[in-house]
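What follows is chain A paired twice: with chain B in the first complex and chain C in the second.
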Partner chain A sequence: MTTRDKIFYGLAAFTAALLTRNLYQIFLVLPDELNQGAAYRIFYFHVPSAMLGMTGIGIALVFSLLYLFTKDFRWDSIAAGITEVSMVFCTMFMITGTLWGRISWGVWWAWDARLTSALVLWLIGAGYLMLRRAIDEPTTRARLSAVMSVFGSVNSYIVWKSIEWYRTQHPQPVLSMRSGGGMAPGMEATMYWNLLALLCLAVLLIMLRMRQETMTREVEALRRYAHAL
Partner chain B sequence: MSIFLRQVWAIMSKDLRSEFRTKEAINASLAFSLVILLLFSFAFDTAAEEMKQLSGGLLWMVFAFAGTLVLNRSFIREVPNDCLDALLASPISGAALFLGKALGNFALLLAIEAACLPIFAVFYNVTLTREPGWLALVMVLATWALTVIGTMFSALTVNLRLRELMLPTLVYPMMIPALMAAIELTRVLVTGEPIGENMMWFRVLTAFDIIFTALAVTFVDTVLQG
Partner chain C sequence: MDQTNNAFLFYGFAAAWLVVIGYVVLLALRERKLKKQLDQMQAMISSETANRKGK
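Presenting the complex of A and B:
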């Protein structure tokens, strides 16, 4: 077992324990919220996955730029892994958001500023991953997807700000609840614990994806080598 | 610098010349705009007063869909006979190549939009001449935004299989801030609301133009090499 494996399995055990503890806390210890009843519990997954999904796209940008400067495939693997995992969290953010919206707002989808930005972000991430699938040659794939990542992340930021302006200019059909702020201390702490658990999960998934990416490249190289013989 | 500008001019005039000889993209794009304008008439009640509120959105949907027909082709048309390789081997920078192509597309798109505007005004009974100067500014800024994104992604996907399938998914989400600003500004201009409160959208458009022109010029060499 290499050091990397040890870190991987150690982190996996820690994440599993922490998630179990958080689930126990969320469902069995904490009381229902005064106005929203039991539905508020979805926020323990909704808010952390939003944070992780959104920041992930920005972090992927850093690694894409690192690839463009160094041409080291490791950075490309990390950027791809982070984008994929961010997409998972973005999806979780949107699904939990619609579930909560159905109960609290009465509609599944409200075209609220945050949900809309998340959808655009998701589409940009999907474009990035589609682009990767469409290119077979590893160098071209890394180069073009790094550029796509730069354009996508910059655009995500502009989208984020302008959708906020766009939606706030129009009368909003529903109140959007900003998290934090009015939360009780016990409830807020649990949210940060769950953020930590999901962050560990994200790191685990990214490590896994990186290893797969490296192996894929090795297999492709071997195949080309065999072909050349 | 003057050499750079001459190179940009050479690429732009080459593109426009070959387009005007065949008129392939411009005809297809104009016809397609008409088709979309017709389809909208089934989707909405054209007599309703809300039509004015919707008009900005409709107009820019037409421009975005018809425009990408022109934009998508801008690098692909260089693939037959290995023209792209010749262009890359020629002593001009990627930035000059990109700007030349973008300016050529920009001129074509503006021409198509200018042809669509009166048709749109007639079909949907919308007054577009309330603030012609402001409207022209919106058109110029937003069309350049669409052009930069479209031309850049045309370069990015030029060597890809599945290119036609991928481009719309890649391009439209990238255009969202510019389209949003253009839609909002056009709506304001058509309904006659005061423009002063919406100056922010001009800033969004200008910032979008500057940021993505700079990014495209920086990265076009990376995209086209190899």
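Presenting the complex of A and C:
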């Protein structure tokens, strides 16, 4: 077993234990919220997945820019891996958000600044992944993906700040770390613990995805070698 | 109201986990395909190399 495997399995065990602890806390320890009842618990996945999805797309920009400056395909692989996993979290926050909106606002969707910019972010991410599948030539694929990553990151910042810049249907910042009104201490602490658990899950998924990128590069190298024979 | 609340809570958590599980299944299928491609390429190259040595 390599060091990388040991880290992977160790992190997987830690993540599983932390998620179990958090689910126990969310469902069996914390009380219902006064106005929203049991449904407020959706927040424990909605908020951390939104944070991870948006931050991930921002981090992918760093690696995309590194590719544009160095032309090293490793940076492109890392950017692609992080964007793909971020899209999983973006999908998670979009779905959980509409479900929460349905019960709190009585509608599945509202075309306000926060929700619309989040949808645009999701579409840019989906476009990024489709673009990578559509282009076979590695250099063109990496260059165009990096450019698209810039758009995604700018929009990610707009989504993040939209609840401060505009009056929207979406709640204003709630967490005390964003100068919001805050939640009851036990409720807010559980949010951060679940953020940590989902962050570990994201790292695990990125590690799996990176291994596949390495395998893809090996297949492409062997294919070139076979053509040269 | 409470029943609706619980139903939406269930849908929310089910959707969140289904997205993650779906992605993990996708990763597993992709990895299997890549391993197969890698094995095929390696087998093809080694047989081609053996043929050239034979000549």
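Basically, the second predicted complex is superposed on the first by the 199 of 229 C-alpha atoms of A that agree within 3 Å, B and C clash if a C-alpha of one lies under 4 Å from a C-alpha of the other, contacts with A are read in each partner's own complex, and residues count from 1 in each chain.
Criterion: a contact is a pair of C-beta atoms (placed from the backbone, for glycine too) under 8 Å apart; a residue touches a chain by one contact, two chains touch by 3 or more.
Fair warning: this is a prediction, and the values are worked out from it, not measured in the lab.
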item	value
First (chain B), second (chain C), both or neither touched by A:38	second
Which of chain B and chain C A:212 touches, first, second, both or neither	second
Contacts of A:120 with chain B and chain C, given as first, second, both or neither	first
Which of chain B and chain C A:96 touches, first, second, both or neither	second
Which of chain B and chain C A:154 touches, first, second, both or neither	first
Which superposed partner A:144 touches (first chain B, second chain C, both, neither)	first
Which of chain B and chain C A:229 touches, first, second, both or neither	second
Set of chain A residues, in rising order, touched by both chain B and chain C	none
Residue ranges of chain A touching chain C (in the complex, touch as defined)	36-39, 41-42, 45-46, 49, 85, 88, 91-92, 95-96, 99-100, 102-103, 201, 205, 208-209, 211-212, 215-216, 218-219, 222-223, 225-226, 229
Chain A-touching residues of chain B, taken from the complex the two chains share	152, 156-157, 159-162, 166, 169-170, 173-174, 176-177, 180-181, 184, 200, 204, 207-208, 211-212, 215, 219, 222-223, 225-226
Chain C - residues contacting chain A, complex	1-2, 4-6, 8-9, 11-13, 15-16, 19-20, 23-24, 27, 30-31, 34-35, 37-38, 41-42, 44-45, 48-49, 52
Residues of chain A defined as touching chain B within the complex	68, 120, 123-124, 126-127, 130-131, 134-135, 139-140, 143-144, 146-148, 150-152, 154-155, 158-159, 162-163, 165-166, 169
